[in-house]
Amino acid sequence: MDTNKSVQLDGAIIDLDRNERQGFPEVVYCEGKTDQQCVDIFMTLQEHYDTFMGTRARISIYEALKPHIPDVQYDEMSRILYVNRNPINRNGERTIAVVTAGTSDMPVAEEAALTAELMGNKVLRVYDVGVAGIHRLMERLDSIQEANVVIAVAGMEGALASVLGGLVNKPLIAVPTSVGYGANFEGLAALLAMLNSCAAGVGVVNIDNGFGAGRLAHMINSQR
Amino acid sequence: MDTNKSVQLDGAIIDLDRNERQGFPEVVYCEGKTDQQCVDIFMTLQEHYDTFMGTRARISIYEALKPHIPDVQYDEMSRILYVNRNPINRNGERTIAVVTAGTSDMPVAEEAALTAELMGNKVLRVYDVGVAGIHRLMERLDSIQEANVVIAVAGMEGALASVLGGLVNKPLIAVPTSVGYGANFEGLAALLAMLNSCAAGVGVVNIDNGFGAGRLAHMINSQR
Amino acid sequence: MDTNKSVQLDGAIIDLDRNERQGFPEVVYCEGKTDQQCVDIFMTLQEHYDTFMGTRARISIYEALKPHIPDVQYDEMSRILYVNRNPINRNGERTIAVVTAGTSDMPVAEEAALTAELMGNKVLRVYDVGVAGIHRLMERLDSIQEANVVIAVAGMEGALASVLGGLVNKPLIAVPTSVGYGANFEGLAALLAMLNSCAAGVGVVNIDNGFGAGRLAHMINSQR
Amino acid sequence: MDTNKSVQLDGAIIDLDRNERQGFPEVVYCEGKTDQQCVDIFMTLQEHYDTFMGTRARISIYEALKPHIPDVQYDEMSRILYVNRNPINRNGERTIAVVTAGTSDMPVAEEAALTAELMGNKVLRVYDVGVAGIHRLMERLDSIQEANVVIAVAGMEGALASVLGGLVNKPLIAVPTSVGYGANFEGLAALLAMLNSCAAGVGVVNIDNGFGAGRLAHMINSQR
Amino acid sequence: MDTNKSVQLDGAIIDLDRNERQGFPEVVYCEGKTDQQCVDIFMTLQEHYDTFMGTRARISIYEALKPHIPDVQYDEMSRILYVNRNPINRNGERTIAVVTAGTSDMPVAEEAALTAELMGNKVLRVYDVGVAGIHRLMERLDSIQEANVVIAVAGMEGALASVLGGLVNKPLIAVPTSVGYGANFEGLAALLAMLNSCAAGVGVVNIDNGFGAGRLAHMINSQR
Amino acid sequence: MDTNKSVQLDGAIIDLDRNERQGFPEVVYCEGKTDQQCVDIFMTLQEHYDTFMGTRARISIYEALKPHIPDVQYDEMSRILYVNRNPINRNGERTIAVVTAGTSDMPVAEEAALTAELMGNKVLRVYDVGVAGIHRLMERLDSIQEANVVIAVAGMEGALASVLGGLVNKPLIAVPTSVGYGANFEGLAALLAMLNSCAAGVGVVNIDNGFGAGRLAHMINSQR
Amino acid sequence: MDTNKSVQLDGAIIDLDRNERQGFPEVVYCEGKTDQQCVDIFMTLQEHYDTFMGTRARISIYEALKPHIPDVQYDEMSRILYVNRNPINRNGERTIAVVTAGTSDMPVAEEAALTAELMGNKVLRVYDVGVAGIHRLMERLDSIQEANVVIAVAGMEGALASVLGGLVNKPLIAVPTSVGYGANFEGLAALLAMLNSCAAGVGVVNIDNGFGAGRLAHMINSQR
Amino acid sequence: MDTNKSVQLDGAIIDLDRNERQGFPEVVYCEGKTDQQCVDIFMTLQEHYDTFMGTRARISIYEALKPHIPDVQYDEMSRILYVNRNPINRNGERTIAVVTAGTSDMPVAEEAALTAELMGNKVLRVYDVGVAGIHRLMERLDSIQEANVVIAVAGMEGALASVLGGLVNKPLIAVPTSVGYGANFEGLAALLAMLNSCAAGVGVVNIDNGFGAGRLAHMINSQR
C-alpha cells in the first residue's frame, strides 16, 4: 500500500496506478466538477496515458480542453469525452452485446458501448427490440446469443432484462434507464423490476449507469 | 336515487339494488370485519340472492356460517366464501383467460378466476408460464389468444403483463402480486412495472386484487 | 413468428404488422427521441398507413415534419402529432365517455379522447365534474351511463374514479394525473387512490397516461 | 410557567394542570408502556380526576387495573380504557357526526366517537356509507348536515372525505385508516388522498388516529 | 340536488350556489389552467359576486384580467388574485392567528391570512417564532392564546405545531411548508412531523396549502 | 422454440431443457408454494437429474420429501434443499470468493456459496470482515484477490462492496442483506449504497438474493 | 496495519486491538447471530477484557451465557448484555444527559445511558419531558444545561431535539425512536424531523440506535 | 426567559442574545428570503456583531449588501456570505478535519470548513480520498487522526463515513451530499448509508448540510 502513485491537484487526487490495479486509467466523473477542474485532471491524465475518458461531460468541458489536447473527442449522445491514441482490441472476437428496449434508451446504451470499446472490446449493438414487439427481439436473438456478455438497457418497466435472462445463457448486466414518466419515478420502476427479475443471475447497475455496465462487461469479458 | 333499497345492520349497510345497478350482489370484503359481522351480512344476502360471495374470508367465518347456510362453500386457495345455488353462464363461449407467471401466484389467480366464474363466465387457466422460460408462454399462446379478455397475474418483476400485452390483441388486465422478497417491496415492483408497461393499453388493479380483476374482466366480457 | 415485417432505421425498428396484430399502427412515443429520429419514423409510417400518430410530441417535431408530410396535424393541448387521411368510425354509436375532475386535467383527457377518436370511436367529453361539487357530476350522469366504456381522469385525490365506479355499470378506466402539489407527489396520491378504489373493477393506467387509457378503451369498445 | 403542577413517577411525569389548560386531563397513550407503568399512571390520575382515559390499551392493562379501580371500563372495539364517574354534556345539542366508509373502519371511528363523548359531546354515528354506493351517504346526508363538526373515517382510497367536504358546510376532520391492502401501504393511500382533497378546508389527522380526531372535534365544538 | 345553478364554460363549470352551500364563492385553483381559461372563469364569477378569489395565480393572469376587471388585485407574496368590493367582517373580534416558524414560510402564511381575511375574519400575524429560539414564541404567546383559531405554518422539521399544540387550548391547524432541503423532501419531513404531533388534536393540511388552512380556520371561526 | 420439453403439473410447469439452455436444472423457489406442490416438483426433477435444488425451503418441505427422496439434503442456514448425487467440479481452481461484512450476513452468504458449489465451483468463504475494522479485510485481501469472481455480502450500509470494488480487479457481485434496523428499511440502505458504489463496475442483485449472486458468479466463472 | 490482533471464530472475527484504537472492546450486535455464535464471541472477549457488552440481546443468549460467565448481567429494558468487573469513571463530573420525550422511549434511552455508563461516564436521566407539555422540560432545563453532552430521544414527531437544540449550548445527539404509528412509518417521521432540525448542529443517529448515541456521547465527553 | 433581546423586522425577528447562549450570532438561512429581507437582517446584525454569516446565499444578495457593508465577503463555492472583522482562534491547535470522498463534494465541504473557521477553529482539508481508491485515504490517515473532530463529506454511497469511523478514534460527523444520480435519489443513498454505518458512533446531519456539520464540530471542539 505504500507504493501507490498519485498526483495531487487542487481538490482532486489522480490515481496513476489504477491502470495496473484495474486495467484502465481512472475514469473522470465530470458532473459536479467545474470546467477548470476537469481540464486540470485531463491534462494530468494525458501526461501518463494514451487512452482515457470522462463521463457525463458537458460540451463546455470539451471546448475548454480542445485547445490543450487537440485529439480529444466528444461523443454527444453518450456525453463521453475521451482520448484514444492507440486503440487496441484486448478481447478479440469475444463480443459484448448491448441491447436496448427502445430508441430513447440509446444515450445510456452508447455510454456502455463506447466504454466497452475504449477498454478494448468488440461491441454488438441491438437497439429498439423491447418486449412489446417480442418478435423483433427473437429475430436478433441468434446474434445476441453469440456474444460473451450481454448488457440489457431498458426504461419503463424494464422487462427486457427478464426476457433476455431467460433466453441467453451468458452473464447478463441490466441497466435501468430513466426513460418513462409518471409511476416510472425516473427509473425506479425499471430498477426494481430488474432487481426482482425472475430470470435469476442478473447483475444490475444504477439507473442510467451505462458506464458501470460497460466496465463490468469488460471485466467479465477479460476473464479466461 | 330515492328508490334505493338497503338493509341497515349494526355497523353495516347492505345494498339490495346493486344487483340491478352492477349485475351482481354486493361482494363482502371480510378482512377487518368480525366473524359475527360477516355472518349477519351473509344471512341478509341469502334472503335476497341465490349467488353471492365474500373475499379474503378467514376459515372461521366459514365455520360460523356453515350451520346457518349449509350450502355455503369455501375455497381455501382463493379464500372466497360463496353460495352459488343457481350457476348460470351469462357470456357463453366468450372466455376469460387467467394467466400466471408462477405457481406462487395461484391464490390471487384463483380469486380472479372464481370471481369471474361466479359472475357467469367461462374461464381458461394458464399457470406458471412466466417470462424466464418464455417458450412455456409461447406454447400456450394460441389458446390465450382465443380468449376475449386476458388477466395477467405476476409477482416479482411482473414482466408477464408486458410480454402478453405485445402478443395479444385483447383487453388485458394486469394483477401484480406480492410474490417475491427484498426490493419487491411486497408487490410494489410488479405494480410499477405493470403501470409502466411498454405495451400500451393495460389496465392495472391493486396488488393481489384478484377479485377486482375478475370483476372488471366480467364487465368487459359482458359487453356486446 | 417468422413472417413479421419491420423496417430497420438507425436506432429504431418500425413494426409494420402491428396494424394487423393490434388494430392500429405502432404509436410513436416521441419523448427521448431526437427530432430527426421522429421524422425518420413518421416518414416510414406514412409509406404504409393512412392514419398514424405520435404522443408527447414537441412542437419542433411537428415543424420539422410539416415540410415532408403537409397534412400532418398537431394538437397542442394533448401534444399528439397525427395524420388521419381516412377517418373511419369503427364502433358506431358505441361511445367512450371521457370524464375529468377539473379543468387542469384536460391535456391528459384530450390525449385519451383524441387517441380513441383516431382509432375510430365516438367520444363524449364531460369535463370539470369533480366530487367537490358532486351535483355537477350527477347532472351529467345520464349521458355518461349511456356510454359503453368510461374513462375517469383526475388529479389531486382522484376520488372521481371511486364515485363513478359506484354509479356506472360499465368498464371503467382510471387515469391519475399529476395535477396538484405537495403531498400529491406528482400524481402518486391519485394513483394510489385509484388502485385502492372501493368501487371494485377499475382498471388503472400510469399517471398522465391518457394514451394508454384511450387505447384500452378502444380495445374494450371493439369487443362484441 | 412556574405554577405547573405535575407528579413524577418512575419514567413518567403526569401533568395535573392540563385539565385547566386544555379542558381534559392528560390522555395516556398506552402503547410502548408496560402494564405496571400504565397502572401507576392511572392510579395517579384517579386521585385527581373523575373522568380520564387511555388509548391503544391492551386488555391486560385493564385486567391489571380493575382490582385497583373497580369502575374502570374497557371498550374492546376502540381499545379505550376509561373512568367516567360524572358524565357531563358540555356542548348541549351541538353534535359531532362520525361517518365511516366501511364496517372495517369502526374501531377507529369508535375511538373518535368515545373520545368525543368522554369529553362531553353528543355524537351521531353514521357507518358504512362509503362512496362506492353513494346513495347510502345521500340518504343520511340530512342528519349529517345538522351536525356541528363532521369526522370522516375511511381507509382504502379515502374518497369519503372529499365527497363529504363538498356536501357539508361544516368543519371536516378526515381520519385515514389502515383498512385495505397492497398499494394501500397501510393507510398511506387514504392519507394522501385526504391531504389532497379537492374539497378545500379538510383537516387531516394521522392514520388510525381516531383519538386525535375526537379531541380536535371537541375543541372545535366547544367554540362559541 | 336538482336546483343547483352552474355555468358551463369551455372545459370548466362554475358553481353558482356554492356561496350558499359553503359561505363563499368557488375559489379558482389557477395552476394548470391557461390564462384564457382563468379570465373566462373570473369574468363569470364577477357577474355574480362582489368578493371572489383565485390561488396560485401567475402574474400573467392578473395582467390579462386587469383590462376586464379594473379593481382586481394581485398579492405577489401569496399569489392570490382577488376582487373584494364589499369587505365585510363576519366574525367580529374572533381572531385567527397565523404563526410561522421562519421568514421563508411567509408566502404560505400570507395565502392563509389573506384567504381568512377575504372570507371575513380578523387575522393576527406572528411570524418567525420557530422553536430554535423558543423565547421568541413565548414572548408572543399571550396574544396567540387570545385568538380563536391558530394556524401554525412551518417547514423544515415542523416542530412549531407540536409546541403550539401544547401551549394553546384552541383548534390548531398545521400547514407544513416545503421550506428546507435535502431530507426535507420538499415538505415531507414537516408533514409527517405534524401528522405525528404528540400534541393531540392538530388538523393538518397539504404541504404549502395556506388556502386550505385559511378556509378551514374560517369555517371553525364561523361556528357559534 | 418448438422442441422445448416440459412437464405439466397441477399449477406448475417444469422445464426439462433448462439444463441445456442454462447449464443447470430449473431451481425451485419454494416460498409461496405448498409443501405438496414442492414435493411434486422435486419428484419430477429427480426423474431427470442427479443434481438439483430449491431455495427458501421450509424444513417441512424437507420432511415431506425425505421419505420419497432419501438422499435429499437440507442446509438449515441457507434454507437450500438439494440433491447432489454426482458432484462435479466444472471450473477447476477458478475460485469464487464469498465475502461478508458481518456474522449476521451468513445465511445469505451461504445461499450464494452453496449455490455456486452445487453448480460446480470452488468457493472461498471470507466472513465478518466489514469495513468498521478494515484491517480484518486487508489481512484477507491476498486470498480474495486470487479468486476469479468476488461476491460481497453486506447489510447495514453495505460499504464492503465499494471498498472491495476499489481493491479487487475482478468482476464483483454485490448482495445487500436485510441485516440492520431502523433507517436500514430491511435492506434498502445497503441496496442503494451498492447501486451507487463509487467503485464502478459492480453488479447488484436483490436484497438477500444469495442464490442470484451464486448463479451469476457461476456464469461468469464458466467463461473462458 | 500489520500488528492487528484478532481471533478467528467460526463465521466471526473478534478484534482485540479495538480497545486501544477506540477506547472500548468491540461491542457485539446480537441480532441475526445464533445463541451459540454469541456465546462463542463473549467467551473470547472475557478472556481479554474486564468490561464488555452486547446490544439487542435476546434473554436466551443471557441464559446460555450465564453458566459460562456467572457475573454476566442482562438489562431487560435496554436488552444490553454485559460484564462490568471493574467499573471506572473516566470522565469525572462531566455528565451526559439523556432526555426523552415520552415514557415509551425508555428502552432506547436506557440503551444509550447504560452504554455511556459502561464506557465510564456519569449519566443524568430526564425522562418524559416531551414538547406537548413544554413546562415539564423547562423545569428540568437547568440540570440539562449543566451536562456536557445531551442526548435527545424521541419518537412521534421528534420535536424534542429541535427545542432542546435551541435551549442548550452543548453538543446535541438526536435519537429518533420507532414509538408511534401510522404516518410515523416506524420512526421515519422523527428521523426526518431531527435531520431537518431548525436548531443547527444536531448530530442524528439511526432510529432506535441508543447504543450509537451513547458511544458518540462518550467520545465527545472524552475530549479535552 | 424574560430578558431575551431581539429586533423585530418585517417578517423576521433577529435574536441578539444568541451569541451568549450559543457562542455565535444567529446564522441567516438565505434561501426563501428575498434579497431585501436578507439585507435588512444583515444590516441589523452588523450593528451588534463583528463576525456573522449567512448560508445558501445567492450572489444577488451579496451585490445588494455590498454598498451598505463594504467589507462583506462572499465565498462562491460554499455560497456563504460573511463579515469577519476580528478573526479569532478560539480553539488553538485543536483541529477539525474536513474529509471528502470526491471533488464534487467540495461545495458542501467548504460550507463546513468555512463555518468552522468563522467560529474560530483551525481546519484541515483532505479532499478526494473516497474509498474506491482507499490508499489515497490511508496516505492521509495520520494527519486526519491528529484532528480533534472529523467531518466526513460524501455523496454516492457514502462509504467514507464507515471507513473513517473504523479508523479514527474521534467524534465523527457524517455529511451526505447529493452528488450522484439515479438510485442516489439526491442524497438519500448516502444519508441512509451513514445512518446505518457499522462504525457505531457517527452523528449524521442533513443532506448537503455543511453548515450544520461545521457548527456541531465547533461545539464539540469547544469542549474541554
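In order of appearance the chains are A, B, C, D, E, F, G and H, and numbering begins at 1 in each one.
The criterion applied here is as follows: contacts are C-beta pairs under 8 Å (C-beta built on N, C-alpha and C of every residue); 3 or more make two chains touch, one makes a residue touch a chain.
Each chain and its UniProt protein: A, B, C, D, E, F, G, H = Nickel pincer cofactor biosynthesis protein LarB.
Keep in mind it's a predicted model, so treat the numbers as computed, not measured.
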item	value
Which of C-E and F-H has more C-beta pairs touching across its chains	F-H
Inter-copy rotation, chain D to chain G, in degrees (Cα atoms; steps of 5)	90
Intercentroid distance (Cα basis), chain H paired with chain A, Å	35
Mean-CA-position distance for chain H and chain G (Å)	26
Chain B and chain H, separation of their C-alpha mean positions in angstrom	56
Set of chain C residues in contact with two or more other chains	1, 102, 133, 182-184, 188, 191, 195-196, 200, 206-207
Which pairs of chains touch, using the document's own definition	A-B, A-C, A-F, A-H, B-C, B-D, B-F, C-D, C-E, D-E, D-G, E-G, E-H, F-G, F-H, G-H
Contacting residues of chain C [partner chain A, same complex]	1, 4, 6, 11-13, 15, 18, 26, 29, 31-33, 37, 56, 176, 178, 186-188, 191, 206-209
Residue ranges of chain C in contact with chain D within the complex	101-102, 130-134, 156-159, 161-163, 165-167, 180, 182-185, 188-190, 192-200
Of all residues in chain E, those that touch chain D in their complex	21-23, 27, 148, 169-171, 173, 191, 195-196, 200-207, 211-212, 215-216, 218-221, 223-224
Residues of chain B defined as touching chain F within the complex	102-106, 127-129, 133, 135-136, 138-139, 179, 181-184
